[in-house]
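Read the structure below first, then the notes.
So that you can tell them apart, the chains are marked A, B, C and D in the order they are listed, and the count of residues begins at 1 in each.
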Amino acid sequence: MWIRASCFLEFDNPVATPFLFMLRPRSGWQQWVGREEYVLNPTVPAAEFTDPFGNLCQRLVAPQGHFSLHTSVDVECADASDVAPGAPFIEVQFLPDDTLPFLLPSRFCESDRFSQMAASISAGWAPGYDQCTAIVDYIRQTIRYTPGSGFDNASACEVNERSEAVCRDMAHLGIACCRALSIPARMVVGYLENLQPMDLHAWFEAYVGGRWYTFDPTQSNLQGGRVAIAYGRDAADVAIYTQFGDPVSLLSMNVTVNRMQAPN
Amino acid sequence: MWIRASCFLEFDNPVATPFLFMLRPRSGWQQWVGREEYVLNPTVPAAEFTDPFGNLCQRLVAPQGHFSLHTSVDVECADASDVAPGAPFIEVQFLPDDTLPFLLPSRFCESDRFSQMAASISAGWAPGYDQCTAIVDYIRQTIRYTPGSGFDNASACEVNERSEAVCRDMAHLGIACCRALSIPARMVVGYLENLQPMDLHAWFEAYVGGRWYTFDPTQSNLQGGRVAIAYGRDAADVAIYTQFGDPVSLLSMNVTVNRMQAPN
Amino acid sequence: MWIRASCFLEFDNPVATPFLFMLRPRSGWQQWVGREEYVLNPTVPAAEFTDPFGNLCQRLVAPQGHFSLHTSVDVECADASDVAPGAPFIEVQFLPDDTLPFLLPSRFCESDRFSQMAASISAGWAPGYDQCTAIVDYIRQTIRYTPGSGFDNASACEVNERSEAVCRDMAHLGIACCRALSIPARMVVGYLENLQPMDLHAWFEAYVGGRWYTFDPTQSNLQGGRVAIAYGRDAADVAIYTQFGDPVSLLSMNVTVNRMQAPN
Amino acid sequence: MWIRASCFLEFDNPVATPFLFMLRPRSGWQQWVGREEYVLNPTVPAAEFTDPFGNLCQRLVAPQGHFSLHTSVDVECADASDVAPGAPFIEVQFLPDDTLPFLLPSRFCESDRFSQMAASISAGWAPGYDQCTAIVDYIRQTIRYTPGSGFDNASACEVNERSEAVCRDMAHLGIACCRALSIPARMVVGYLENLQPMDLHAWFEAYVGGRWYTFDPTQSNLQGGRVAIAYGRDAADVAIYTQFGDPVSLLSMNVTVNRMQAPN
C-alpha cells in the first residue's frame, strides 16, 4: 500500500539552539520512498549525516524565537507485517555480526536485569518467535497502553513497575526481555496507519528465524501500514529530535498518516 | 540558491533486467535536499542501500518492455563554488584516512601512468591548489569540450591522446594527474545550472588546504548552482545507472535544471 | 614507551557457551601494536568482526568444562597523556559527525538525568576542558576509588549515591556529567602501567578543543602508559567478555602490565 | 592447519617518504590470527586505519636512508579451499549489497571490455561456479604462469594479449571475466604454503552459490594453506605497500611460509 505521512513540529527557542533531527525515512526493506519533503521555517543552513545505525540525521542550529519544521513522505510499504510462529531461535554463534550490538543492554533497556523475568514469561514456549510472542502478550496483559502517560523517560525497569505506559515504554520492555533471552531486538520509530490517537509510533523488531520480525506490544492485531523512520537500540538512539543546551518549548506537534493512491 | 533538477530515463528492455541506479542526491556539505521525488513506471519493487562512498543506490529488476524512471529534486546549494588559490598541498602523512583511497589509481584514472606528465604540467606552481589549477588549465588548452563525443568509455590514458572529449573524460584526466602528485581527487556526477547543452554533468574535487575543492575542466568560470548526485573514484563508481545482462535500449534521457524560489 | 601487557581468563562452563571477547587492541592514535598473541585452550574455531565503534571482537563457542584464554600484546604508547587546560568547548554544530553518538545517554550513563548536577559542579569554570577537570575533581572528592567494590553493574545514577566505587563506575559518572554539558564523552577499557592493584582499567575521554582528551577519575596524576583495548559509549559496549546463556564461572583472571625495551 | 608466515621488506629512501602498508592479516572467515608481529627498523611513529574493504592499513613516514619492516604471523587456516562444482549463479537482484561493488570495473580489471570473451569462454557451462572454472581453465591454457614476468602494472586487457604472466595478472584476468558475467569477483593478496618460488601470492574469489569461493589460476590443484592479507577490487586496492613521492629502492624482499604445530 502507499502511505502519505507528515510530521509538523513547532518550537519556541529562548536562544539559538542546536538540534539533531531524524525525520528522513530511507528506502529499505519493504519500504520505498517515492516522494519526500523537508521544510524549515525560517530556512537555516542544515547538514545531514548517517549515524552508526544507518539513519539519516539532520543537524542545524535553530534561531532564537519561533522555528518550525514540516516533513512529509510518500512511501510504499507492506500491507501486512510478516508473522512467523515457530520461527526458531538463532544460536548466538550463528547470528550475523551486525545483529550482535542489539543483544547488549542500552539506556532504556537494561536487559542485564531481566534474565529471570524473561525466562519466567517465556517458559514453555519454543525458543525464538514464540518466546517473543509470549513476551508481547505478557506486556499487553500487565500494562495498559495509555497514550500521554509517558512523561519522564522511563527505562524498562521503571516501566515494569507501572500499570500504564506509552508505546515507547512498552517497546523498551519487550526489547529488554528479548535481549535477556539472547534474541537481538531493536527499536523502531515510525508512522502507523490508523493509530488512535494519531501520533508518531514506536515498536520493536526481533531477530529470529534468520531475519527481523515486527512486534508491537500496543497493537492486539499486528497491522501493516508501517513506515520506519529510524532504527536503534532504544529511544536514546532514535529520538526524532534531540535538543542541546537550555530547554526549548515544543509549541505543537502534528502527525498525519493517510493511505493514498499509488503515484503514476 | 535553490535549484529544481530532474532526470527522466526511458528504457526498452528485451528481457527483465536488473539495474542499479544512483539518482537520489543526499543532503551534505553545502547541499540541502528540500524535496525529492522518485517515480518508477511501471511500479516495481525496489530497494536501496548505501555504497562504500556514502551514495544512496537503488536496486530493482525492470520488467521486459518499456520502463521509465523520473526523479526530481529541490536543493539549496551554494551560489558559487569556493576557490582557494594558494591553498597548500597536504603531506600524505597528514591526510585524513578517508581521503587515502582517492590517491589510488582506478578504472578510468590510471594515475600510476601520469607521474611525468603531472610533474611537467605543474612544474613551477606552488604545491596544492595551484597545481590543480595548472592541470585544469592544461586540459582546457589541449582538449576541446565536445558534448556528445564520449562514446566509448575512454580512460584517462586514452583521453590524453585525443583533442576532444566529454565532461567525464576531462574529469578523469584531471583526477589522474592530481593523484599522480599525491593529491586526493574524486569524481562527482551531478546537475549544473546553465549547462549547455543541458545534461547530467561530471566534474572533480581535489583535497588541498584541508578540504575538498571543486574543479571543473569544462567550465572556464567555475560557477555555482551544482547539485552533487554521487561521489566516487571515477565514472565506474558513479554511473547513474548500471545494467546487468543483455544490453537494453535507452530510448530517451531528459535532464532539466532550473533556479527556483526558496520554498516557504 | 613500550608496554607488554597480558590478560589471562579461565572459565568453567557448565555447558558449551557462546562468548564475545574484546581483547585485541588495535594500533591507532598514539598506540602502535608491535606484537600480539591470542591463545585459546582448548583451541576452538573463532571468528572476528569489527563492531560499530571500530573495536575488534572475537566470537567463539567455548566448550563445556574448562576453557582459558591468554592474550598478550607489546604496544608503543605515549609516555604521558596529553592535558590541555583551557581547551575550549566545541559548540554542537561544529562537532564532527562521529562524535555525536557520544552525546546521547547510554545504559550506564543516564546523562539525561545529570543536567542540574553537571551544571552545578562545573559552574564558574570555562566551558570545555576545565569543566571536565571540575567534574573529575568532584568525583574524586566525593567517591573513594575502592577496587573490588563494583559488584553489581551500577549505572551513573546509582554510583552517584555511593561513597565508594570502582574505576568503571567513576568513569560512568564522569561521562554522564560531560554529556549533560553537551561534551561528547566515551568509555575506554584498557591497560595502565603501575595500576594498584593490577587489573584491567577503565577511564574516559572527552572531546574538547577539537580532539579527544584522556580523563581518569581514579588517578590523581594523569599518567601515561595506557593501552586502549576498546572504546564505546559505556561498559555495555566494551565488556572484555560477554557471555550468553546460563552463567559460567570465571575461575581466575590475571592481568600483567610491564614496561619493556623497544623491539628493534 | 597452522601456518607461520613472514614478510621482510628493506628499502633505501633518497628522502623521507610516506608509505601505506597492508601487512596485518585479520582474523576472519576460516582464518584465525594466533600471533602477530610487526617490527619497524628504525622505529618511527606509525598509525593504522581500516580501509573501505576492511583491511588494516599502516601509515608511516619512513626516514631517509635504510628502512626495513619485518612482519610475522601465526594463522590457523583451512587445510583445503572449499570447492563447489554446480554452485549456482546468483541473480543480481539477490546478491547481498556488499558484493555489488565487486561487479564494477576497476583499474586493472576492465570488465566492461570482456563481455564477449567471457561469454565465449563460458559458453555451454552452467551459470555460476562452473563458469568460473571454465574461465580459470582458459587462463591456465592460454597463459603460462611465469614468476618474475610482471614488471609493468599490466591490466587485464594487456594481460590478455600475452603468453606469460604473474599471479596478479592472471587473477586480474579471471576477475574481469567473472564480472563481465555479472559474477562478483575480488582480489586476494596473501600467503600460500608451498608456493614455488616462495613469494607473496595473489588469487581471486568469486561469489556464487551464496558465498565467496577461492579460485587460483596459477595452481592446477586448488590447495589450502592460504592466509589472506587483504581483499579489494584489484591490485590497486591491495598493494602490500604504496609509496608516495619520489621513487625509492626496494633493496630486498623475503617471504617465508611454513607449517607449524598448533600453539598450546
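The definition used in the following text is that a residue touches a chain if its C-beta (ideal position, glycine included) is under 8 Å from a C-beta of that chain, and two chains touch if they have at least 3 such contacts.
Just so it is clear, the model here is predicted, and its values are computed rather than measured.
Trainee: What chains, if any, are shared contacts of chain C and chain D?
Mentor: Neighbours common to chain C and chain D are absent.
Trainee: Indicate the lowest number of steps between chain A and chain C, counting one step per move to a touching chain.
Mentor: The least step count works out to 1.
Trainee: Computing the C-alpha centre of each chain, which chain sits at the greatest distance from chain D?
Mentor: Comparing chain centres, A lies farthest from chain D.
Trainee: How many Å are there between the centre of chain A and the centre of chain D, using C-alpha atoms for each centre?
Mentor: 43
Trainee: Using mean C-alpha positions as chain centres, tell me how far chain B is from chain D in Å, no decimals.
Mentor: 29
Trainee: On a C-alpha centroid basis, what's the spacing between chain A and chain B, in Å?
Mentor: One centre to the other, that is 36 Å.
Trainee: Mark out which residues of chain C touch at least two other chains, giving numbers and ranges.
Mentor: none
Trainee: Show me, using the given definition of touch, all chain pairs that touch one another.
Mentor: Between chains, contact exists in these pairs: A-B, A-C, B-D, C-D.
Trainee: Quick one: in the complex, what on chain C touches chain D?
Mentor: Residues 24, 26-29, 32-41, 43, 45-48, 50, 54, 56, 58, 76, 262-264.
Trainee: Could you pull out which chain C residues touch chain A in their complex?
Mentor: 18, 20, 49, 51-52, 57, 59-61, 91-93, 97, 100-101, 103-107, 109-110, 112-113, 153, 155, 182, 236-237, 242, 244-245
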